[in-house]
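Here is the structure we will look at, set down as structure tokens.
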Amino acid sequence: MSLLFDAVLCLLLLLGALGVVATGAARPAVIAFIGYGLLLGLAWVRLDAVDVALTEIAIGSGISGVVLLHCVRALPAPPRAPAAHPMLRPLAAAIAVAIAAALALAVLALPEPAPTRAADVAAALPATDLGNPVTGVLLVFRALDTLLEKVVLFLSLVGVWALSRDPACRGRPAPLSPEPAPAPSAFLARVLAPIGVLVGLYLLWAGADHPGGAFQSGAVLAAMGLLLVMGDQIRVPAAGNRSLRLLMLAGPFGFLAVGFAGWATAGVFLGYPPGAEKAVIIAVEVAITLSIAVTLALIVLGPPADEGRS
Amino acid sequence: MTGDALPPPLDLSGLAPAMPVLSETLMVVAIALPLALAFGALVPAVRRVLPHLLVFVPLPALIAALAVPRGLSVLVAPDPFRFTLALDAPGALLLGGAALLWMTASAYAMAYLRKDPARPAFIVWWLLTMAGSFAVFLVADVASFYLAYALVSFSAYGLAAHDDTVEARRAGALYLALTVLGEALLIAAFVMLASGPADANPQIRDAVALLPASPWKTPILLLILLGFTLKMGLFPLHVWMPLAHSVAPVPGSAALSGIVVKAGVIGLLRFLPEGVPLPGWGALLCGAGLFTAYYGVAVGLTQRHPKRALAYSTVSQMGVVAAVIGAGIMNGTAGTFTIAAFYAANHMLLKGAMFLMVGVAMAASPRRALAAAAVAALLGLSLAGLPLSGGAMAKYAIKLIVPDGGAGVLLTLSAAGSTLLMARYALLVARSGTENQKTEGKEMQGRPPRGLVLPALALAVLALFAPFALFAEVTGVPVSAAFTAAALVKGFWPVGLGLGVAALLAWKGPRVPEVPAGDILHAAGFLSATGRTIMEGTVAADAVLRRWPVAALALLGVAVSLAATLTFAAMP
Amino acid sequence: MSALLVLAVTAPLLGLVPLFLLGPRTGERAALAMLAVNLAVTAGIAEQVAQGGRAPGYFVGGFAPPLGVGLRADGFSAAMMLMAALVLLLTGLFAMTGPGDMTRKVKARGSAGRPATFFILLLSLACALNLAFLAQDLFTLYVALELLTFAAVPLVCLEGKAGQLSAALTYLLFALFGSVLYLLGVVLVYGLFGTLDIAHLAGLLAQGTGGATAAAALALMSAGLMAKAALFPLHLWLPPAHSGAPPAASAVLSAVVIKAPLFLLVRLWSDLAPLPLTQVAGPIFAVCGAAAIVFCGVVALAQERLKLLIAYSTAAQIGYLCLMFPLAASDDGQWSALAWTGGTLHLVSHALSKAAMFLAAGLIAETMGHDRLSGLSGVGRLAPVSVAAFGLGGLSLMGLPPSGGFVAKVMLLTSALQQGSWWIATVVLAGGLLAGGYVLRVVVIALQHPDAGLPEARECRWRALIALALAFGAMLVGFMPLAPLPFLDIGRPLSWEGLLP
Amino acid sequence: MTGALLFGLAGAALVGCGVYGLLTASGALGRILGFNVLGGGVFLIFGAVARRGAAAGFSADPVPQALVITGIVVAFCATALAVALLVRLSTMEARAAPADAGEKET
Amino acid sequence: MAMSLIADAFTLVFVAAGIAFFAAGTLGLVRLPQTLSRIHALTKADNVGLALVVLGLLPQAGNIFDAAKMVAIWLLAQLASGAVAQVMAEAVIAEARDGADASPPEESRP
């Protein structure tokens, strides 16, 4: 029975993806993409990867959707694109089908006693007294990847800010929508924001033992921030605002500080003090969540507008 | 007959105890002095005093050529680089000749370019070419030879393209293109050569000794011949020489035609095995040399400008040198290289003097130009081998190498040809005095400045009499042997024949149209056309390749083809 | 367990905090200090590798691979890190706002605040490069590649001109396409072997398991890396990106940024893949490399703008390294070691000379106000030191002594001829010819008499001297002996010997 | 045919769609969407691999899941940067070409 | 045993009803001509459908917290769809008004 549900879900996923790829116009493609993202979240739940499902829906289709819709609104009517070579579409379709078929064969040919690291994780997890193995891998076993991934997030914001014509990157980004927010969205912002923040903090706290964690709560908090901005409840924060920048640096450099502290306590970089692992991990997670929330929100808000211009 | 263990002509045995250290430092200073001054030119103070110093810079090289015992070598840099210098007979002859030409041409250049604003730049290129030329004659290991050869070739561009006219830029570009081609050919040959002996940067002598046994003997010899004959200007690789020599200022073309061309000669002398008969290659080189000798004369006769006539004369004379070397290595006769170097040195001095005389004539009134033409004629005849002149000594010496068979006859006949060309050159020099005497704008009505005349005459005297001093030492035969009645007659008939034909042609010869410089280059115009179409095609293909869909398809194509090949390979 | 490896990755990041919080001037000085520290750390690592004679390793967080992530510095990566650190430091000094700069019109063009962003990106580049050279885990290498792309793309469009933005967008999208293919390869490898640590994978692959899927994974990863290294025919983004970027940025992009994917390609095919597979894949890379050398060389000859000419020259010179694959993978030890050393020396000397040429081109363009070749005649008078730096850098590209390029070219030629692959030898020579063509074309134009009147601007002398220093660095590499370098063989073949129980 | 394998095949199909999108998209936005679909497909295959590796009490291998989370965040950063570039480029082109808005936009 | 039977029957009935409402909502979305009526159909039918499904699943929920979470989900869905419906409606009306007085509405993007 569940296989049937999976089959239908896969079919819907495929249709969604084709919808995204095949439509020429930008807006329907983005809307199809958001729908496809939600279906993808469902697929992750079916694959027993609830953390990933949360991340996919919150970041993969949620905030990405906002960014893409913002882009569609900013793009002028696309000029008559020069007609692509007539042979391009059939050739591309042929290559796409060939690659998909080859990959399918490869997936089918994966070795039967599937090689896995689950046993190693199970062996090493109790030492960190974390319940959720994914958080364990993210913050303890492969902590270097997560640390550098935070730097990637930080860099992409620096990249977005570098695009502003205001050289000092101190100004305030342009508001998301030029006209004032309609009343219902202001109402929604006022009502939903506190609940959302609560849900975000819950996700953060539950992350140690159950699905959840820094990324997902950061995304939810960022969404709530954006909702407040779009509902004109709070002003768009200026790029030069000192506390904002400190929050942004808290994630990557807080984690780095803990990593260096690991030398003193656990004798190895990014090692956690034996006995107090959980406390330190939670502290790191809080720092990461704050910086993710701020960075994601600022990325969506875009580069600071020029000083003179509104 | 001759060999390396030759007593140096200038016997400084009096300084016996300091002898090895002195001669080693002499060799190093010969190269280091011009190089240091070239970089010193960056400092304005040095730049001001340089013009007066220029004459004395080649002095250490001259003394080294005369005093340093043959076969002495000095290690300049420690082992991994092994920058070694060594002096042998051919090297010494060419080094001495070059030093003399550099000294006189330097004095001449300073007077010739007195009012030229770009003189400091010319001086820097002049010093770099000088350093490169001394280095190329002295250096003994493969990598350093390549460095010296590159230095002399690329800095000679500065001399050629000094006047910066449109034609000079075109000639300079062609010169650079062919030089880079030559470098590529030679690096391939040197890499194959150097992989013979064990260590990475072997001595040239050891590498060449292993050449006959090396698996790549044919490609090495082919590349070496191509690379060095390109510099010597053998047909069909000579196209750049008439262009470059005619656009360069007079002292520049004297240096180019006299010394830079000899880098190709010393290259052949260093990198061809001596004493090992190479019949096939010898015949090829000799044939090409002879053909070039006649071809140079034929095209030279049609030229209207004395410098271009001299350029073709150099092409022809280098053909003769190549023929001598070819004949020598055909049956591996000993002493070939020293005599070939002797002939080349003689040509160096004579050709340098003749170019300087052209400058003097162009700066003189018609009456004085005739006097200059007389000296030029004398130099020309000496080059052609007129008995009792220095050139005759050289012609006699090469007769010792080339037997009296077919090649010998052709060689002597070429002397007649070059007499004809020299007569034509003298006629052009005489005429050149008249037309552009006004354009020079010299205020002293028609009297060429002393700064030009003195060095030219000094070089002319040297060119005429130096071979006598060196003949005995080079060939081991006493000078008097060349003065026997039979030798005199044998030397005279080609020159006489040449003069007779010249007189006949001058009297009622046909009006032959002038062949443009770089003759077959214009026939090869289609080469540049195809080159341009290839370039446009590539740029268009690049534009297509850089479109997004094409690049994305290319990326997937690469991934798929790589996966396919690896899967078939991985399949047991 | 050498702590220096961790410092190499994390030290540059520490420079970001002052840059981001404090003003641009103090931030700039802190960044330069951090780049100097980075150079010191990489020199320490190189010295440690040389003394110890074996490759120092480090398990981050104390967890040994395959669960944790390991860092390891063998001779090859130590050499590359040293080169990258040197070029980044000198380029940083070049981009510093010098004493007379505030008044110059360059600063006035609204890039006063820009240097802070430039130095943030430069430090992130240093971190990404060191991670790419040290990491032994395929996914950590993916993160390093992404960090590299995210630091490089804003560098291209720092001045915000429309041309630069579209170049940056194309660069970002094509690099992302490449990194997704790389990630697909990593996924298949994990599906097959359950581990991402290169040493373990090498062991498993050597046993011949995996078959077609392993081949497909290696192919996908290689294709991704070739896309990010702009190897022919995937070079669509390189010319506009490298020529459009500001001088210091294009120097760093051309000299070191594209070297990381190339380095990973070499590591993939020398440490990870078994020898028989490498010997099959080697010729394909060699063909792409040869096509790059000839095709991009000819297109470089035809360029009308100086920076585009140098950018195409970069696209061509990348091909040289790919020629090394079949030569270094052959069985006879001596000649493959020579090809290996030749390839590395070419990487190092190309980095130094290309950085010098781009910095010099930047100064020339700034002095003359444009970089159209037709209008640059006689620039040698205005910017003599820049033209000298460009010429010396060009010397190394042409492969004339006494430059690093010459030593590399001789080594590649010797190895190619000894192993009988004549076509690689001819391509190396053709590359030298083409390089000679486009370098001499620029030098000749610069040394001619000026056709039109020259502007009265002068070159910024202390920046030109930095470019000259880089060019001299490329020449110094030329004094390496013409023999295989033992330093580069330390730590090969790859294994965690001694560190792993 | 277990559930994991089914989603693996779906992942392969999504990779195919992503490739088709990247090849045929005319504008940069289409390519960004294609890149995201392609990334989603790759992660889905990784999820299927994780699900197959269920052992030692976990219903799926946690290591690939952690990598996928990092991958999704990196993919988002890429999309955000690409969109910011695209928006800035289009506003500049719109501002640069108001004069000839009438005739065909060059 | 009887309790679970009744609970299952209860769930079956209510979930089926819920799905019927969802089907109606989707049918409305597809068939109705203008955007406004489509929004109307969607918000009304889907909310009731969701309420019925949540109600039907309450007995299946393990403990009280899960049940509370499902009800919270329903409440959030109500809040969100209500607010969003209003915003979209205002946007559609504003677009129609601008379209009417400025110039014939250029084909509004779907």
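Each chain gets a letter, A, B, C, D and E, in the order it is written, and its residues are counted from 1.
The rule we apply is simple: contacts are C-beta pairs under 8 Å (C-beta built on N, C-alpha and C of every residue); 3 or more make two chains touch, one makes a residue touch a chain.
Remember, it's a predicted structure, so these values are computed and weren't measured experimentally.
Counting only chains that touch, the fewest steps needed to get from chain C to chain E is 2. Touching chain B and chain C together: A, D. Ranked by number of C-beta pairs in contact, the top chain pair is A-D. Put simply, the chain farthest from chain A by mean CA position is B. On a Cα centroid basis, the chain most remote from chain D in this structure is B.
The most central chain, judged by the distance from its Cα centroid to the centroid of all protein Cα atoms shown, is C. A separation of 28 Å divides the Cα centre of chain C from that of chain D. Averaging C-alpha coordinates per chain places the centre of chain B 94 Å away from that of chain E. Chain C has its Cα centroid 31 Å from the Cα centroid of chain A. Among the residues of chain B, those touching two or more other chains are numbered 548-549, 552-553, 556, 560, 563. Contact of a single residue of chain A with at least two other chains is seen at positions 84, 88, 91-92, 95, 99, 102-103, 106-107, 110, 114-117, 121, 141-142, 145, 149, 152, 155-156, 159, 163.
A list of each chain pair in contact follows: A-B, A-C, A-D, A-E, B-C, B-D, C-D. Those residues of chain D whose C-beta lies close enough to touch chain B in the complex are 19, 22-24, 31. Listing the residues of chain D that touch chain A in their complex gives 1, 3-21, 23-27, 29-30, 32-34, 36-37, 40-41, 43-45, 47-63, 65-70, 72-81, 83-88, 90-91, 93-94, 104-105. Here chain B touches chain C in the complex through residues 80-81, 118, 121, 143, 146-147, 150, 154, 157, 161, 164, 169, 172-173, 176-177, 180-181, 183-184, 187-188, 191-192, 194-195, 200-201, 216, 534-536, 538-539, 541-542, 545-548, 551-552, 554-556, 558-563, 565-567, 569-572, going by the rule given at the top. Residues of chain A that touch chain C in their complex: 102-103, 106-107, 109-111, 114-117, 120-121, 124, 140-145, 148-149, 151-152, 154-156, 158-159, 161-163, 165-170, 242, 245-246, 248-249, 252-253, 256, 259-260, 262-263, 266-271.
Chain C meets chain B in the complex at residues 170, 174, 177-178, 181, 208, 210-212, 214-216, 218-220, 222-223, 226-227, 233-236, 239, 276-277, 280-281, 284, 288, 295-296, 298-299, 301-302, 398-402, 409-410, 413-414, 417-418, 425, 429-430, 432-433, 436-437, 440, 444, 447-449, 479-483.
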